[in-house]
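Letters A, B and C mark the chains as written, and numbering starts fresh at 1 in each.
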Amino acid sequence: MEEGKVIQKSRLQRLFEAGEFVVTGEVGPPMGADADHVYHAAEALNGVIDAANVTDNQTSILRMSSIAASLLVQQKGVEAVVQMTCRDRNRIAIQSDLLGAWALGLRNLLILSGDHQAFGNDRGAKNVYDVDSIQLIKMLTDLQNEGVFHNGKKAKGVPGFFIGTTSNPFADPAELQLIRLKKKITAGARFVQTQSIYNVEKFEAWMEKVREWGLHKEAYFQAGVLVNKSVRSIEMTQKVPGMDIPDHLVERMRKAEDPKEEGIRIALEIIQRVRKIEGVSGVHIMAVGWEEIVPVIVERAGFLPRPALD
Amino acid sequence: MIVASQKPVEEIRETLKDYKKVLIAACGTCVTVCLAGGEKEAKELAALLSLSGEQEFKVVTPERQCDAEFLAEFDKDVRQADAVLSMACGAGVQFMAERCAGKPVIPALNTSFLGVNRDVGYWTEMCQGCGNCILEKTGGVCPVARCSKSHFNGPCGGSSNGKCEVDPSIDCGWQLIYDRLKSLNQLHRLYEIIPPRDWSTSRDGGPRKLRRTDVVTEEV
Amino acid sequence: MKVIVVGKSKYRDAFQSALRDAELEPVAVETAAGLKNLPEELPVVLLYDANLSPLIMEEGAAEKAVSVLKPQDAVVFLMDRDEDANPHIEYRVLETASRLASAKRRVTVLLRSCRAPDERFDDLYRIARQKGVTFIRYESLDITENEGIYTVVARDGKLSVSIDTPLLVDCGEKPSWELQEFSDALRLRTYDGGRISGNRWFLNQGATFKRNVRLVDTAALSGDIQRIMPALVKDILALEKPAQEKTAFVDAEKCAFCYTCFRVCPHSALGPDHGAAAMKVNDLLCEACGICVAICPASAIEFKAASPAALGDKPADAASGEPAGAASGDKPTDDTLGNKPAGAAAEDRRRTAEVPKETAGGKLKIFCCENSAFIIAKEALAGTDVKVESVPCGKDIEIEPVPCGGDTDIEPAPCGVNIDIEPVPCGGAVNAAMMANALRSHDRVMVAVCCEDACRHRDGNKRCIKQVERLKSRLDSLGYDSGRLSYVRTGVTMVEIFKEAALKALAGGEMK
């Protein structure tokens, strides 16, 4: 950081550091240039969550950029977490965009590999992956600590992002995924959001390993929770590679009279269980295609009001 | 070896339709071995394309099309043809085109990758020609070619049961690396952060060339 | 003549003695490693006596085998078959087990799966149980042998059962655990599931696809070796000469050393000649099926006469230092099949391939496998209105059109039709180029191959069908009527089927 200038830490960072149980949500940018779509989503989340992830061409589907949409979100009083994948941009473009993001007042950054373009609508697009997520975390952390770019040049204005990343407790091989998580934290990741949890036992076992490796002391862990509103939704989720959904939960949705309410109940149960696990410092709530339910979940989970900070 | 496969036959026919006398130049090396462009395939293609009775075909098989001396043997045949259908890889097609001034040279194959033959009729991609080999760090499995995202510190979160999220028939390259390093007692290598790659040694730096100046005495 | 005798059968000494009586020289080899440096074409007799599957096929044989056992000895049947396979072996096992149990023998059947494939199995199973046969389901097995007694430990979850038996009948389709190593060392080709030996699910007392290897189930003989000796000795002596009049021959200049022929040869007759950097055919193992000729991507393999007079045409030994295929003035010119010798005269051939000129051939050409269709072709089409001529490879024959009319109960083919029949050593000897060229000179082309599992050359018939299907789809892409090309599976007793297919093809349709 430059001498003499005090950069205020983001709300998210301050809450984590104060030991609060953090609640974040998500805003998915529109498949177009419609700013109102973002404004409405942000307004609904104001006061309900501590910060909102703004996805970056998620599942490789072309949408408004995360940085632009993050700015729109912040204009409505909700703190944004910019997401940056490695799939679409080379190191020059990524750093360039992030310097701009900092200049625009964005403070939180989630770095991830990004789903391969085979999943999206532009399968013929060139596969960039100039740097992988670990290399990017390290590049940025080094820049923020030393004020010098990877290319050797001194930066005129150094960003100070609160850098986070993702981890999947259900991916294999388990040992390798943990090694990778450790590398991400060593490289500079300060918070970790996990893949959506359904199999709580498996997540508990994973957190035990995390604690064994002391990783919970080096980074803040947020448990990912997805809210499904229908049987179809949970069935589709089950098909995603890397997801682990026990069949009994799918059965509950199938047998429920009111699948929406059941989906909410399941999410709340998971939230209540994971918040008790040692090392878990927050939840990250995802309600794909059902953003309006997030305030309901947050309230019923007993997370309101959100802590105030000076 | 270079692995290629024949273009759909109707596409080949379309590209040859304006020519009456076509010289089919097979290639006796890589594309013979991957059953795409050897003499046998050339003969079959000639027979198929001859069914219309409207064109004449002649088949020749240079040992390979990437060395000029082998191409020289067939200069006369080229002169007598209206066009050449080259069944070599992209390199051979271009070399042939350079040589056959004034004659259209049409590719019969789609050249795909550097790979190995795992079984009869089965080849898999192994090398991207990135120009900076780090196989000793990864137990002999290449992250550039065999990880769909070319991760150097993989795998990504989509690795599942040893398979890649892109396609369940693709092995996760990092699973393979992990298994290998484990069998070599070299798992410690995985803790090392491999820094960002200098891609200029790869095709990203522009078309490449290689010179061994010690084997020529003339000034280069 | 040396004969390698492999295996630790208790009948080995008797066997070797019988071979000596026939003036052969047995050489005992006990381990797979011992087979390594021996010449590939030496006769090999593989003795085994654990797999007694033939035992249950012949009534009386099972009874004879158990007659030498003590009353308290158990007979153990090991049924470890592919669940989806035809259960005819299971029927036999259950019937035999029931018979033996009725005769007061202790019989146990070990099964991997208790799932009854059909009602007949269910009935036989119940009957067997009523007769006192014990059934044990297992997940894993351990079998050890000590002086003729097999100890079988069967595990299923936490349960485990141990049985000792002098008579272990392995009805599985995989080669028994003893044979796998030898099979690998001898490069024996197997079917799916590892069945060696032709199309039989059990190890046939006789041939494998490799002409110099014979399998002998000594226990099925119950020690009666003399029963098979005369035939076995005759087969062994026949190995002094090549199997056919012609043999495959690799032109080392054209060979790309891609190993494709090596991998597909059903008779393991090809091996690498590293000195020449090319494949080489062992003409004492070659059965001239033509599969390698058809598949070689470099068109480097042809047939040559296998007679001793043609020896001069073969590539020189690597040891002599001559480059393979080197021509020399005193070698014979064309061989009996009209092939040019390797060497200088082959330069042209090496680099330029013939695209056959279009000739008027006629309505239908049928490539007929010599092992099935060709034998019945003329008979099948006799008495129909079509004139049939056999066309030897590479030559065209003028055919006179035949006037319509005549007395048949099938629709007469139109005037002026003819059918050209070309014999091929195997369906696998026909490749797409041959079929495509045939389509240039004929309206229609059909290939007649042997039935599923009946191919003498393991999978030549399947290879052919795959090539037909691929060519048909290419014809479709080009907008041609792929119905012009068809195939049919026949056997020597399937005259009507061949006839129906041929006439249908002639009329423009195809058998589905």
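Assume a contact is a pair of C-beta atoms (placed from the backbone, for glycine too) under 8 Å apart; a residue touches a chain by one contact, two chains touch by 3 or more.
Keep in mind that this is a model prediction, so the values were computed, not measured.
Interchain contacts link the chains end to end along an open line, per the touch definition above. Among the chains, the centre nearest to the mean of all shown protein C-alpha atoms is found for B. The chain with its Cα centroid farthest from the Cα centroid of subunit A is C.
In whole angstrom, the spacing between the mean C-alpha positions of subunit B and subunit C is 36. Between subunit A and subunit C, the centres computed from C-alpha atoms are 61 Å apart. A straight line joining the Cα centres of subunit A and subunit B is 40 Å long. The part of subunit A that touches subunit B in the complex is made up of residues 86-87, 91, 112-113, 115-116, 118-119, 127, 129-135, 138-139, 150, 166-168, 171-173, 175-177, 179-180, 182-183, 186-187, 195, 241-242. Across the interface of their complex, subunit B is touched by residues 254, 256, 258-260, 263-264, 295-299, 350-356, 358, 431-433, 436-437, 439-440, 474-475, 477-480 of subunit C. On subunit B, the positions that touch subunit C within their shared complex are 8-10, 13, 26, 28-29, 32-33, 35, 38-44, 46-48, 50-51, 53, 57-62, 73-74, 117, 119-120. Considering their complex, residues 148-163, 165-167, 174-175, 178, 187, 190-191, 193-197, 199 of subunit B touch subunit A.
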